[in-house]
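The two complexes that follow have chain A in common; it is paired with chain B in the first and with chain C in the second.
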Partner chain A sequence: MKRLLDNETIRGLIMVLFSVILAMAVGSLVMLINGYQPLKVYLTLFKGAFFGKRNFLTSLQRATPLVFTSLAAIFAFRTGLFNLGIEGQFLIGAVIATFIGFTISGLNPVFHVLLALCCAVAAGAIWAFIPGLLKVKLKTDEVIITIMFNYLARFGVSYLVNYPLRESAVAPMTPQIKPSAELVRLAQGTQLNTGFFIALFMVLLAAFLLSRTTLGFGMRNVGLAPRFALFGGIPVNKTILMGMLLSGAFAGLGGGIEVLGVYRRFMEDFSSGLGFDGILVALLAKRNPLGALFAAIFYGGLKSGAMVLEWTSDIPRELIGTIVAIIIFFMAAESIFDFIWNLGNSRVKAVTKEA
Partner chain B sequence: MVFDLELIRSTLRLATPIAFAGLATMLTIQAGIVNIAVEGMMLVGAFVAVVGSYYTGSAIIGVILSMLGSMTLAFIFALFSLKWKAHIIIMGIAINIFANYLTVYLLRAIFGVAGAFSSPDLKGLEMIKLPVIDNVPILGSLVSGYSILVYICWILVLLSHIFLYKTKLGIHLRAVGENPAAAEVMGIRCNEMRFFAVMASGALAGLGGSYLSLGHLTMFTEGMSAGRGFMGLAATIFGMFTPIGTFLGSILFGLFDSISWRLQGMQIMPVQFLQMLPYAIIVIILMTISFREKWVRAMTAKANRAALEKAEE
Partner chain C sequence: MTPRETILDHKNKRQNNSAIAVCMKNITKVFPRVIANDHVNLTVNKGEILALVGENGAGKTTLMNILYGLYLPDEGSIEIKGEEVRIDSPDKAIRLGMGMVHQHFKMVPTFTVTENITLGNEPAWGKGIFVDKKKARAQVIALSEQYGLKIDPDQRVRDIPVGLQQRVEILKTLYRKAEVLILDEPTAILTPQETRELFNVIRGLVRDGKTVIFITHKLKEVMEISDQVVVMRRGRVVYTSRTQETTPQKLANMMVGREVLLQLKKTPAKRGEVVLAVKNLTVLDNRGLPAVRRISFEVRKGMVLGIAGVEGNGQTELVEAITGLRQVESGNIVLEGREIGMFNPRRRRELGMAHIPEDRMTTGLNMEANLKDNAIVNSYYKSPISKLNILNFKVIEKFTSRLVKEFDIRTPNLNVVANTLSGGNLQKLVLARELAGKPKILVASQPTRGLDIGSIEFVHQRIIDARDSGTAVLLISAELEEILSLSDQIVVMYEGRIVGILEAEEADEETVGLMMAGIKPDKKMKDTSFKEKPF
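For the complex of A and B:
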């Protein structure tokens, strides 16, 4: 039993579980203050998220973009970078994919989708590369620069949908993409599409890249101890650039897939918050790609459950984001758990001594 | 006409929330903490100010409550990052996301509206005419007739200068940021000083937030802080971590903000390009600062090498 508890993963899982319970307790308090019944709310929420085929598939659809944005966050975190510009990279990827999607016609569907997604990847990567380059060459802090790049991307994209790419006179949005660029929907009545399989593949690819390649090894070292990595012969600057590139690439791909699979056109402000949600998911998964898949499904599920909740009892769906952020508070503060852990252990010791 | 007296006035107005955020960030950086949670604290402050003013009918009570609201968030930030050792930047990110969702949630739960809330019952801060200066020809029209928070901001810039460089507590605070180990040896309680700095930054962020929702406008909109907390961080870097420098930095960003608004009114080009202006300027300014630092480093290294060679001869 003791060996099982010492196991790092078990400890991590218990930590996650504990954080979730604590955050839900705090969330209940907020709900009580607003006059809602927490138990009923949580039940409706989980039912709306995971019970029933349609609810579950919708949860997977909601999880898809989160998988990409959380992988983007993980690549940055692992390299010791704070890429807060995922939101912007996601948008840039989405708009480029839409552009390729509706301008080119008469292409084989496979090639059309591939072309659109490759362009989205490249665009997201380039948008993330600039802050990376600034960090490496000028040592500017990437936290502020990536945030500023979010605003630049948001207004830049808003210009594109309002002027050159605008189709509808009513709302700022682009024309619909050609059918050949669409990702196929998997089931009737949901927007779940083949993008989910791409997400699964990318999780495996990311896990492989991070744990089984020289690049991943270098990233981890740069992230943990940059000076040590430098003396160990790892090209630190190059690794930082690769970290930003890959991070932006995943974000851009996510944007492309969201447009080709779900919306099929670019509408202004369609993605608000997905980039930051991705950061939450990455932290929830403790920066582990496989964990990110489950965390994304958890969060995506809660988000889709929150929609059901909003329809049935008009409790604002933003409640979920609030609670998940609180989960991250507890998870970020590992020493709370050390405290509880040690308390438990010392009690065990005391008992064994007495015996 | 783009440049006139009104441009200076609107620069001073728009610089105020950035200056509050800047002072908040500057104080914590002086204590050795990069506090990016100022953005979220401001947003919560802006929201609480509106709630307070709406329900009590007094804008001043709104401002006070907003400071308390932001300080509550600052307390959570300090508790988790200082006591329970959560990573400062990660905690900052989490606080910002939390503030974003919480304000939207509460906006809908309390007022039942999405996007923005404004009401005739919502009392904003009144403009104050300075007694004597108001009658002085040009000076009067420059510095008189702002909301009280603008003047509080100017006073706080001076006070924080005096605090940091002339008082014992301020010198201790800077010692904690400069060299925590040495400060600890001197008998300064580092964590207590940091806690104090974070709480002060919460109060300042609350003032900045309430200026946004009760001073500049009389309404709350989702994501109202719009990166001003980060602009405050940029202003701090621009001002080389001094109160006066930070204030000058926020005046500069305020200027570009107001130029952008001015040009938007003239409809000479798509609004989006003008909205980008303040953010693009910040990127360029940060690049320039870093470039200068790099150049200084290179020159110092060169001078050191030259001195070394001379010594060897």
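For the complex of A and C:
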């Protein structure tokens, strides 16, 4: 017997619709209590996010780093790993790319950008690889180690921009990168740059890696059924290492692109929260790379819409933040609970011996 | 008649046919592209044992899941004690007096026996906020004594063998005051001894006025324990009979739709050189205690070496050590003259090892992945399944559908997630994959667990065929009959040691049975637990 849509799919669609309505309702309630008109606020928010060329392009620009950090999260999740160090890997990638960007001069722009980004990828990858290695060799918990590595990265980077790499006397920031290292902006009046195209390409690459390659096959089996993976002949430890490595690589690349494309120098605290936002976006996208693209645009849009709202209305930014948080939370609620549950429970363990 | 009256009036009278415990009418359940139950009618008399049989994927588990409130039927109605009810959750089912022990257990491994039994219904104090642990423990002990289901209330479930885990599951249903017990293939994981004990328990329950629905693939058990038998095929009930009025042959015929050869045809083995040698092997269990103690044996090309033994006597650890899932404490594992004790499973597989694990749910299969992923786990990195690390979907599709056809795996398509398959079909998927290559050594642990008789016949033939084409087979089974009919040589294990090694001709059920209990055979058998020299 054939059916067009099975019950599962219908249930999924209803769930999404339901959570959107619920989120809007709860948000409305918060606004009404504080004496604002929900309809007007939502309208401004979504207009600010997606209507008008400038608003839309700004949303895409804000989505760009999220695409990378969410891909980073997806690679770790799929392998059954909880890389909470995306934030740090992103920072390390950003600072290395900046360094290459302002120290070297006289390079062909293509090579200069490529060199800076490759270094960012390598740096992010190494920064994630170490916790992976510790997990495989010493059985340490990657959650704890990656969080520690966030602090290490933050303090290390802070030291760098405050002392050896500091240029400005007023603020802790590095010199500007050379024009040859800049990613080209795409339109006047926005900071959207060619980094967005790299993001699109990476989404496709990630989707391909995960579904069509032997590495992706290994990852999803290690992530879902580690004992089965070991039994069947998948090299579990190697796959764990590759999962961390790729996760870090995407995060590092995101950091590099953010400085080369948007800020063009490294400033302290410029990226705060992008790593964790990436995890949220990945959850929102149900760990699917293509989904992550749309979820990142949605999330980026909400953020830039919130900015517009802040400028054009008298609603305090804390309230705006609360409303955005409510929307995201309801949409990802199921995944978030899953995430927290797994954090405390069934995670991939490294294999004792692998000769 | 109210149920209470029924119990009082007819205590100890099993011939009371007038009272009906459960009546399922016209039940239909459709899954995407599968009709699991097709207008099924089932009547279960109170105080009786009903055996539900049928080939793999016939819809037995689905029907029982409906009765237990796990699925709502698409059509049909259910009456319990004559009253029409809507069972939309297991909670509702439990309130109506249903209790179910699933084919694949559902317990919290890290909880104790007591915690698992009382979970969700703990006796409480302080306005129901705190669990009264003492009382819970006392209740569990009382219950276990009442029904003769011996357990240790304080052990953690993950530390006890499956036979005991099953008792815990049964006690859990009794703790919740079940009147109708549904047991889904309870004997698949039991030794003959444990099965006898279970049957005694079941008889006791029925004497107490309870009703039992019992799913099994073993016709001997149907004949031994049931009052009524129902046969399902492809979602329908095709045969119903009082047990006394039918025969195993008739049942087999109704199940499979053809004559089943209950006797295997095989020629004497042509033994070749030694393929796998285990020397003085010691392996520790999860608690760090020796489970396998200085064991030695050899498996030769073209023969089946059977390992007999009551479950929990070190077989699991032995197999895990041989296949690379568990560390070797001391001793050697040698494959074609090469020490492999330190190799990971992939390397062992590359040297020609195939492994049918006893646990298909967490080891043999990825239940969250589709059939194709499951089919290629041991070959995904090899040509033609993948080239240059890129999977070839077309080849995978073809390969998987070949396995599905060859082993008659009942599935709507290859993209369904494994956990939608029936228990027996899951087992067939594991078998199909592991037998697909031409292994030099096949380690088969409980290979036919959960299979219907037609499939068992087929799989036994495939194992013998593999043997005849030169594979060395190491067979581990709790099923003594299986060991006796397939093996050319039999090793009997007891408490991690080898009690003796027998040639097929000198082995019979009684001798092996005694040895399984740790009783050394008399002089006519050679004692080979220390000096290994099979022949």
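In this text, the second predicted complex is superposed on the first by the 298 of 355 C-alpha atoms of A that agree within 3 Å, B and C clash if a C-alpha of one lies under 4 Å from a C-alpha of the other, contacts with A are read in each partner's own complex, and residues count from 1 in each chain.
One rule holds for everything that comes next: a residue touches a chain if its C-beta (ideal position, glycine included) is under 8 Å from a C-beta of that chain, and two chains touch if they have at least 3 such contacts.
Note that this is a predicted model, so its numbers are computed, not measured.
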- Give the label of whichever partner, chain B or chain C, reaches more residues of chain A. B
- Message: Let me test your reading of the model: by the given contact rule, A:212 touches which partner, first (chain B), second (chain C), both or neither?
- Response: second
- After superposition on the shared chain, which partner residues are touched by A:335: those of chain B (first), chain C (second), both, or neither? first
- Looking at the overlay, what does A:134 touch: chain B (first), chain C (second), both, or neither? first
- Would you sort A:231 into first (chain B), second (chain C), both or neither based on which partner it touches? second
- Between chain B (first) and chain C (second), which does A:221 come into contact with in this model arrangement: first, second, both, or neither? second
- Query: Which positions of chain A sit in both the chain B and the chain C interface?
  - Reply: none
- Show which residues of chain A lie in contact with chain B when the two form their complex. 34, 82, 84, 134, 138-141, 143-145, 147-149, 151-152, 155-156, 158-159, 162-163, 273, 276-277, 279-280, 283, 315-316, 318-322, 325-326, 328-329, 332-336
- Listed in rising order, the residues of chain C that touch chain A in the complex are 30, 32-33, 35, 323, 325, 327, 342-347, 349-350, 355, 357, 362-369, 373, 376-378, 380-381, 386, 389-391, 393
- Which residues of chain A touch chain C in the complex? 1-3, 6, 212-215, 217-218, 220-221, 224-225, 227-235, 351-355
- Item | List of chain B residues in touch with chain A within their complex | 34, 36, 76, 80-81, 84-87, 89-91, 93-98, 100-102, 104-105, 108-110, 226-227, 230, 233-234, 237, 270, 272-273, 275-276, 279-280, 282-283, 286-287, 289-291, 293-294
